[in-house]
Each structure stands twice: as structure tokens, then as C-alpha cells.
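Input: a single structure, listed below in C-alpha cells.
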Amino acid sequence: MNWALIFGFTTLLCSCAVCYLSAKLWRVKEQLHVIQNALEDIESGNVNRRILARENDMTKSICYSINEMAINGQEQVTRLKQSEQSYKRLMTSLSHDVKTPLTSLVGYLEAIQAKIVIGDEKEEYIGVALDKAHHLKDFVESLFEWVKLDAKEQQFQFEICDVNELSRDILADWIPMLEDKQFTYEIDIPNIECSLRLDRNAYRRILNNLLQNALLHSGGNKVYIHITEDDKQASIVIADNGKGISDKDLPHIFERMYQGDLSRAGNGNGLGLSIAWELVNVHGGTIHAQSPPNGGSQIIINIPKAL
Amino acid sequence: MNDFAIETKQLTKIYGAQTAVSTVNLHVRKGRIYGLLGRNGAGKTTIMKMILGLTSITSGEINVFGRNIKGQEKQVYPRIGAIIETPGFYPNLTGTENLEIFAKLRGTAAPNAVENAMEVVGLPYRDKKLFGKYSLGMKQRLGIANAILHDPELLILDEPTNGLDPIGIAEMREFIRHLSVERGKTILISSHILSEIYLLADDIGIIDHGVLLEESSMSELKKKNGRYVQLQVSDVSKATLILEREFHTNDYSVQDDHTLRLYDTALHMGEINKALVMQDVTVISSALCNDTLEDYFKSITGGEGIA
Amino acid sequence: MLRLIQTEFLKLRRRKILCLMLLASLIMPLFALLYFNYMGGTGVDPARFYKWSAFSYTPFIILPVVLGVLCAMLMFEENQHDMLKQLWIVPISKMGYFFSKFFVVLIYAISFMLITGVASVVLSMLCASVAFDWGSVLYLLQKCLEIGVLTAFAMLPILAIAASQKGYVLPICITLVYAFLGFSLMTINMYLHPLSSISVIIMRNEDIPGVIPTQAINVPLAFFCICGWGIASVVFANISLARRR
């Protein structure tokens, strides 16, 4: 009786073990099949393919390594695609945004050459043509800057510096220009140190672009600059009392070349904000625009604090 | 190789006497964001459910990654991540525990997949907060985290911005675009909001009363969109000069050597034509383009527009 | 399959009601303690105490009702929170899902009966009038295990009904009817109902004092009854889960 019991028990244990092992073997076989399929897929160019492995799969580490390789391949593809796209954008931009001012410049110069205009009017034409040429030059310069940023080719030198002091320095240069354009200003920068990891030139460029935008395209006569900080980030707010941004345009204004209908009439080139956006991104920060109900527009930059 | 991640052929779903989806031929191209636009109840969710095998197909077939999904569920579904309607989770578990259950069931593509997924959507890893106590926004984020947990090639997102605040919607949009651009994912997204699809999608399908009315790429649509007068003239530089000097506008762009677009549609076209002709500029044609996307959608949905 | 069962248990974390329901296993042992204390006397056969504490209403009414509620809860939980579609797209098989739920019920039934058994032993020791011997303890634990395992199988029809329903009210009502039907069919034909078939298997050696079967003991027929109902409900669950999509 006892022997029979022990025998039965051992058989039960053995058959359990056999079942477990054959299930395991079956799973490995199944996994190998999946791996083979996935490898064929990856080989044919689908670098997005992943192989899923469970916690106690024997093939787990192999699967994870294959995935790693696929991810690396995919990153390379992404980089290639991005630079290809920047190139394409450069081409479209050159063909559209350069052509228009260039055509009109030619129009003026032809009129002068054909002697259609004489005297004071001729001088005026030359002035307009020169303005246009300058504008075109600025535009091409910012275009190249933007393309470099877009293709992530520009090098940055990050250092820990005091954003309050740096901003004051930059604004000091702007004050004569603001007064020249009859703008009043309100600057509220705390007198304490606020260390951020910044590229000085890039930060200067961001502020310059935003201020220039407020000066040339807002249509207002007052700018406000506030800097506040909390324990995570510093916020730089640049606001004006101009015509504001319509709700329809708000989501697009940082998109390259997007210009609100009204600013197309001016000589804004739409790149300033895009460059600012790219540069803020490089700092790991965010930038967004608001149109407060009492008029004007507000651009808010948040840059995380250095750790 | 087949370029479509999802392709449906004459897909039809009939509930009793009601036809929910009628002979739909959908083509979702690899690596792109496909926006399925339609009002609530137009059949968007039903199509997605059929793709995921959550509801039966009345007739027609669905190919995912170039294969008919029928009988291939075990090979195909691990490569898809999805959110259908509002995602449900176990309220008695924390977010991390919920994801761990799915990681265990499905397998993962990398070690610490759960931690990564939580981090990507901005939820704290190993937080003590139970899912039952989550806010709607957090629930939606956890749904996304679950959808990307296994790093799938294809994401099917049914109204992912439902119930999110405007900032959440913008973040979600940014995130979806990031998945597509940087990670090369194919994304099928549905929405009843035109602007959302407009901002996000590369391709668009418009569905109404279960019928796919139109399928085209966004860039194609954007070309049709605009409010301008297209002028074909013999000499564009002279024409721009006339516009600037006599009509004081520079709201135009030069398309090519003989074409320019005038965006300031308030100007009197007759006078412009007259002025151009007076100064020896031949006007070959002038056409008013007055299409906005909304008008366009209204025209294809039979005047009802899309909410 | 193993991972499905594993995750089933993970899902039950922090469900206090499950522990509370386990407490129902103490009802009959406590009742037996009171009864035998009241009766007084000494040297009562422990088997008689155990008959009261473990073999009377526990297997017939309490355990089936508790398990029925558990089945309804297990199935209802995922329906209520709209989880099923997330599970189907993992994908997991319908039958794997059903059997992982069944496994939870099985483990729960076994632990329920073990608690009953242990409580009976402890309380019988507290009760001065009941004698104690190791032989009857082993006998009790063996019977408890048998009851636990068999009752879990007998609950398959309820689990299948719970799987086919969105709500929990109907499965629980059916559970009550099912349990009482099992009890009342005892006197008519023991081989019609899985629950009464269990009692046939339990008293196959006619070693439970004071219970006299109304029909001849036929263990294979009882097993056949349980298996028949079990297979029928698995088929039913398979069809209804497939149609629920």
C-alpha cells in the first residue's frame, strides 16, 4: 500500500516535470520561429520591428539585443530622413520666400534702368530697392541659421550662468532701440542670482528675436519683460500691448514660415519665432504664446533649472 | 514589399438592419500619421475595432503589414498598440502594477519597459496612487503608456485627446508627432475635430455615415486651401512694382516667372487688371481661389460640415 | 497559461472583500462549537463534530454561494472597467482567459475548505466534550481537500454564465438557485446535479456518521455527472465569449 502510494506520487511528480519541460521547449521553439520571422522582416528594411520576450523566456537576452540593434538602425534612418527633409525645406524656402522679394527688387531696378522714374522718385526707388536687398540678405542669413538648427548641426557651448544678469545685459543694448521706436518698456527682473544651463549666444538670439518681433510686428507701443523662477524652472515672459494673435494662429506661430495673415504685409520673415523655438528646445525648455483677453500678446519661455 | 501598414478591402459592418461601415477601402501608409475624420457615430471606432478583432467583420477583408489578419492574430497583434474608446484599468492597482500585468501578458521589447513607458508619458514610476484615484488626464496617459509599452510598429488611437484640457491636447499632439517622426511609427488616429487632424495628420480619410468619402494626403489638401487671386502675367517683376507703387500692398507671393498670388482679396480686381494693362503687362488669366478646408469638408460631406 | 494565472492573482491585490468572504468558512465550525457545548456530554466522536462543522451546510450552501459570488466578481470586474478589449488585443485566448479564472476559483475553494478544516480541528479541541485523535484530523483534511476541488469543478456552469453576462445580478441569482437546487435534488436523484454528485463522492465509503444515501453509491456515475456539466459549460463559455466581441 505504502509502496504503491510512493510510486504513484513519484510518477505524478515526473509527469509534471515532463509536462513543464516540454512546455518550456515548445515556448523556445515558438520564440525561435518568431525571432526568425522578425529577423527576415528587419533584413528587408523594417527597422521598426521588435521582438517581444517575457520575463522568464530563455531567449530574452537575444531578443533584447536584436531590438537594441533595430532601434539603433532606426535612429540612423530617422537622422537621414531628417537631414533630407531639412534639405527639401531649404529648397522650397529658397524657391518661394526668396523669389518674391527678389522679383520685386528686379521690378524696381528695371524701372530705374528704363528711366521710367527720374529725380526724387528715382532716389526713392533706389532706397526701397536697397531696403529690399538688405531684407533679403537678413532673410537668407536667418534661413541658413534655421536650417542648421533644424538639421541639428549647430554646436552649442552650455555653461551655468545667471539668467537674470544675462537678460539685463541683453536688454541694456535694446533700450536705445526701443526709445528710438517710441516704445515704453517695463522690465521686472529680480535682483537675485538664478543659475541656468545656457548657451549665451543662443539665449541672446532668443531674446533678440522675440523683442524684434514685438517691436516690428506687434503694432503696440509698450513691451513688458518679466522673469520669475520657481524651484524647477525659470520663466521668461515677453509681452506687448499690440494687436495680439488670433486664436486661429496661436498653435502655428512657431511653425517655420508661418505668418499670421496680417504680418505677411510687413517685412517679417516668420523665421524669428521658429529659430527661437528651436533654440529654446535645445535648452530643454518650452516656449508658448498666449493672447490675454485684455489685448497684446505674451510669449512665455520656461527653461528648466540646472541640476 | 507592401507599403501599407493597414489596408482594408470592401470592409463592411452591418449591425442588424443598420450599416455601420460600408465598403471601406482604407490605405494607411507605413511611417505616416493617418487621420480618420468623421462625426461621432460615423463608423470610425467600428473600423478600428474590426482591425483589432474586437468586433466581427460582416464582409470584406483587412490586411495588416501586408497579411490578412484572419487567423494571424497571434503574429499581428503584438505589433500593434491601441487605445479604443476610454481605456480601462484595474482600479485596485496602481498605474505601475497595471502596466506590469500587461508587460507580463504581452512580453516586452526591452528591460525596464514599464519604467520607460511611464516616464515617456510623464507618470511617476512605482507611485502608490491607485488607478481608481487617477484623474481623467492621467488615465488617458496610462492608456498611451500601455499602448506603447511593447514599442509597437503601428498605433491605433481612437480619439486620444478626448477629455484632455487644451495643454494636454497640445502635449498629446506633440507626442504623437514625436512617435511618428523620431521613432518611425505608423499611426492611425481618429477624431471628430477638423483642426486636430489638420495639425497632425499626413494623410486623411473622411468618413460619414459609414462611407469613406475621401482619402488623400494632407499636403495635397493644403494646396487646395487658401484665399487668394492667382494672376498669370507676362512680366511678374513689373507687376509686383505696380502692385506696390499703385496699390500699396506687398501681400503677394511669386510662384514662378509668370504667376503670382495676391492674398489681399479686398483689392478691386478690375482696377488691378486695368493698371497692369496700361503699363504693358499682359494679364493672361486671373482666378479667384476661395477654398478653405472647412468649406471643402462641407462640400464633400454634403453641406453638413464636421463638428 | 502560467503567466495568465499569475496575472489573475496580481489583479486581485487589495480586494478586501475576498478575505471577508473567506471568513464565511468559520460559520459552521463556530456553530458546531456552540451546538456541542450546549449538548454537553463527553467523549463525543470527533467525526460527529466534523460532520457538523465541515460536511453539512458548508459544502452544500455556503461554499457554492461564496464561489458563485466570486465567479461573478471575477468576470464582472473586467467588464465593468471595460478591460476586456484591452486583453483581447494582447492577444490572449478566450479559453486561456476562462481557465485562468477557473484556476483562481479552484485555489480559492481549496483554501476555503482548508480554513474550514483547520478551524474545525482547533474548535473541536476547544470544545471540552469532543475527544481528539490524529486519525480523524487527517480524515477531515482529506475530505476538505476533496470537497474544495470538486466544488470548484461543480461551479463551472456558474463561471460560464458569469462569463456570458455583462452584469453580476443574474449570475448571483442563478448561483442561489443552483445551490438550493443541488440541495433539494439530493432526495430525488443524486446524479442529476453536480453538487449532489459531489456528496456521493464524499460519502463513497459511507463513513460520515448519520448520513444515509437515498440511492446506491455509484462513484463513476457521479464523476460522469460533474464532467458532463463541466464540459457543457466550457463549450457554452467558449461560444458566448466568442460572440461577446
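Things to note:
To keep things simple, chains are lettered A, B and C as they appear, and every chain counts its residues starting from 1.
In this section, a residue touches a chain if its C-beta (ideal position, glycine included) is under 8 Å from a C-beta of that chain, and two chains touch if they have at least 3 such contacts.
Everything numeric in this text was worked out from a predicted model, so none of it was measured.
On a Cα centroid basis, the chain most remote from chain B in this structure is C. Ranked by the number of C-beta pairs in contact, the top chain pair here is A-B. The most central chain, judged by the distance from its Cα centroid to the centroid of all protein Cα atoms shown, is B. Annotation: 62 Å between the Cα-based centres of chain A and chain C.
A separation of 21 Å divides the Cα centre of chain A from that of chain B.
Computed from the mean C-alpha positions, the centre of chain B lies at a distance of 53 Å from the centre of chain C.
Along chain B, residues 78, 104, 106 each make contact with two or more other chains. For chain A, the set of residues touching two or more other chains reads 54. Counting partner chains per residue, chain C shows two or more touched chains at residues 3. Chain B makes touch with chain C in their complex at residues 49, 52-56, 73-74, 77-78, 80, 82, 84-93, 97, 100-102, 104-106, 130, 146.
Across the complex, chain B is touched by residues 3-4, 6-7, 10-11, 13-15, 77, 81-83, 85-92, 245 of chain C.
Residues of chain A touching chain B in their complex: 34, 37, 44-55, 57, 63-64, 67-68, 74, 77-78, 82, 96, 99-100, 102-104, 106-108, 110-111, 251, 261, 264-265, 267, 288. Of all the residues in chain B, the ones that touch chain A in their complex are 1, 75, 78-79, 104, 106-111, 150-153, 170, 181-186, 195, 199, 236-241, 244, 249-255, 260, 263-264.
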